[in-house]
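Both complexes shown next keep chain A, but they swap its partner, so chain B is in the first and chain C is in the second.
Right after this comes the complex of A and B.
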């Protein structure tokens, strides 16, 4: 009953002093929003990076000399990196003792036109199904249905971010391809690529002279990159950094991209940005807690007479305490909910933009990840509201009614 | 019903001490309408607030229904006040974030009685505020606000009504209408103690006390 009375008084009070409460709610929302954004970007980009590197599946990637930075950008953002080198380089790399396995990749920027939907400028990645150790393991489970099946010459695999479905038809350079499978998402740029068997890519280039509006100039003795799996050190392999050094020394036409190094670089980039974001959010958080405490202290002072009158009418100290605390918690709770919804909506809605501007991959989190994060932010905001409201609430409830009425006159 | 026994009240300390009341004693019996007269600054409001338990005396005792109210815990005293005492203050005492009706309803709820909007409405109508039921303090005149406060104090049917200059600063017509309302409450069985400096109102009282004569 008394709880309902406190809630009733809080509701009436907020309605009469709406502007003040809105300012407080907006401050809390801003603080929570910044915290949640920082946490989301941090967590999801780390997760994405981990997944993406696992997806890459290679210890090293060889590209034409000096172009490793372009490939790195391409992996992160999905922008096509078009360059070629001689196919014989794959054989030369395979010849090293410390190399366990190699597989070529071919990068093509398509003049796309999809039979099913509107897709333009798709990034095409040719891969060799016979030697591939990086693409097939990431087919989304619902399309593999347990048994591994060979990818047909007219089939392609699509990245998760393209919004395609198995069975859709895509046309590239005058040839039709059926989507044979969808790769599970990683948040990396390659989620926006279509993977085509390398022999089909060469055939498509050959036949483009007669079938396509624009010819694809691609020689079958060219590849773009070689994915390298190293032997374990106990089996005579080398650590990745030494293998990379060795390869670059012995084959001057190539540069080596080390995914582990890429991960470190991205995390460094990210930590600089996040440190700024976190510092700002901590500053806002402290300022907000102080603001709530100050506003409630001022409001309590201003409401001394009202509180005294209520005490004179029979309001207990507990009721006054609950009333002030409820107001503070309501401000904290509403502000944090708004901040939470806005920041989650903005971060998820503009994930591509964030990914591109920060140069980091971004994996859309599921509910399982969002709920604990949201609950933590909510709890933190409520705690802030509670701490900020505690002193004014105690002070208000301990005032002698007569003194409160007189000092408020 | 009300027994004030050697009550003193001192504000401040040292050289700044102000003796608002010194060794005051008197009794008020059930069903009386007592007016306590005295000049401004003579401690009339202080004694009323001590009787209501809103402030503690520096010395002395106050008995209401044979209970020493300052031996009660804060919670007990608050409950006792809520159930038994109606208060009408000298200055504006409406809660500004509540309209007239909600002010009166709050009086009922804080007294632990059932929230009854109809009863609250009737109390306001009895005070001649039928067209100001949903008005907030800033939409009411001083006299109307005072009448809302009386309605709020009376709606819970208190045993004792304590009024502090309920007609202060009001025009003669409003003063008369408020006094008539208090008279009706008294006739309905409420014991009233009213402090005022306006001696022309003594015809409403069953007994008059002069603050400077009370010891």
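Right after this comes the complex of A and C.
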């Protein structure tokens, strides 16, 4: 009964001072929203990076000298990086003792008007199905049907972000290809690429003279990159940084990209933005806690007479304390729920746009990972409301009825 | 004046609905994504959504204008109900009826779709608030 009475009084009081409470709720929502956004962006990019590096599968990637930054950008954004080097470089790299496996890749940009109205300027990556160790393991399980399947000459594998389905037909440089499988998503730029068997890519280039609107000038002795897997150190291998140094020294025509460099670049891109967002949210959070404390102290002062009368009519100290604490918790709870819903919805909804603007990859976390984050934000906001409301609530509950009525007059 | 606030909010939502796919979060080939050489630019599926959302925006402005000019109980409840239906259509056109481009990184999917969904949710909230407010009027 006491709880119902306190809840009834809280409702009445909030209705009387609706505007003031709305401002408080909006402030809490802004503080929680900023905090949750920063945490979400951080988590999504870290997860994507982890998955993307696993997907890359190679310890090192060799590209023509000086073009490693181009490849780095292309892995992050999915914008085509077009460059070529001699195919013989792959054999020279394979000749090193510390190299376990190599596989070539070929980068091509599709024509602007590539047949389908909604898929154009696609990044085509030619891979060698016989030596590949980085792409096939990432075919989404439902497409592999539990068995290792050979990729046909007229088949391609599509990145998850292209919105394609198995069996769709794509047309590049006058040739039709069937989508043979979809790769599982990582949030990295390569989710927007189409992977084509390297021999089909050379054939497509050869036949483009007669079949395509624009000829694809590509000779079969050219490749764009070599993916390198190193031997384990116990089997005579070298650490990645030493192997990269060795390769760059002995083959001056190449530059080596180490996946760790990619991770560092992403961390750099993110750190400034996240630091700004976090400092702003801490500032808003402190200001909000102060604001709640101030507003409740003011409200208690304004309501001295009312509180005195309630005490004189038999309201206990506990009821007065509960009433003010309930108001503070309600402000904290409502604000944090609004902030949480809005920030989660906006960050997840605009994730591709944020990812592109910040130059970092994003992978949307599952619900299981969002729940702990949401509960922490909610608990923090409730705690803030409770701490901010504690002093005014204690002060109000300790007032003597007679003095409260006199000083409130 | 207080009775006309809902009408003004509805009109602003309608205006935002028109501006979003044209300028704020433009669909492919519009606003800041306009091609330098329109000659080779293929026609995109989202162009139909652009047209549909423009019409829905105009309808939302009209519904708001009626509430603004004649702030009566029945009119507010009626226009709020209309806003609720329009909010559903705002989300349904890009998701189901006219659709958008396939690639997740096309401007219409990255910016326009989440912005339209946000607007649709806002319209639904205002619609419900309008009905509740209208029921309280005499």
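General observations
FYI, the second predicted complex is superposed on the first by the 400 of 409 C-alpha atoms of A that agree within 3 Å, B and C clash if a C-alpha of one lies under 4 Å from a C-alpha of the other, contacts with A are read in each partner's own complex, and residues count from 1 in each chain.
Assume contacts are C-beta pairs under 8 Å (C-beta built on N, C-alpha and C of every residue); 3 or more make two chains touch, one makes a residue touch a chain.
Quick caveat, the model's predicted, so the values are computed rather than measured.
After alignment on the shared chain A, the placement of chain B and chain C results in a side-by-side fit free of clashes. Judged by the touch definition given at the top, the superposed model places A:78 against chain C, while chain B stays out of reach.
By the touch criterion defined above, A:350 reaches chain C but does not reach chain B.
Legend: residue contacts after superposition of the two complexes on their common chain; A:252 is shown touching neither chain B nor chain C. Within the superposed three-chain model, A:161 lies in touch with chain C and out of touch with chain B [touch as defined at top].
Contacts of A:192 after superposition: chain C is touched, whereas chain B is not reached.
Within the superposed three-chain model, A:368 lies out of touch with both chain B and chain C [touch as defined at top]. For the pair chain B and chain C, the minimum alpha-carbon spacing after aligning on chain A is 13 Å. Common to the chain B and chain C contact sets on chain A is no residue at all. The touching residues of chain A, when paired with chain B in their complex, are 5, 9, 12-13, 15-17, 306, 308-318, 400-403, 405, 409. For chain A in complex with chain C, the touching residues are 78, 112-113, 116-120, 161-164, 191-192, 345-346, 349-350, 352-353, 356.
Of all residues in chain B, those touching chain A in their complex are 49, 52, 54-56, 74-75, 78-79, 81-83, 87, 89, 91, 93, 95-98, 102, 106-107, 109-112, 152.
Contacts from chain C toward chain A in the complex involve residues 40-45, 101-106, 109-111, 113-115, 117-118, 121.
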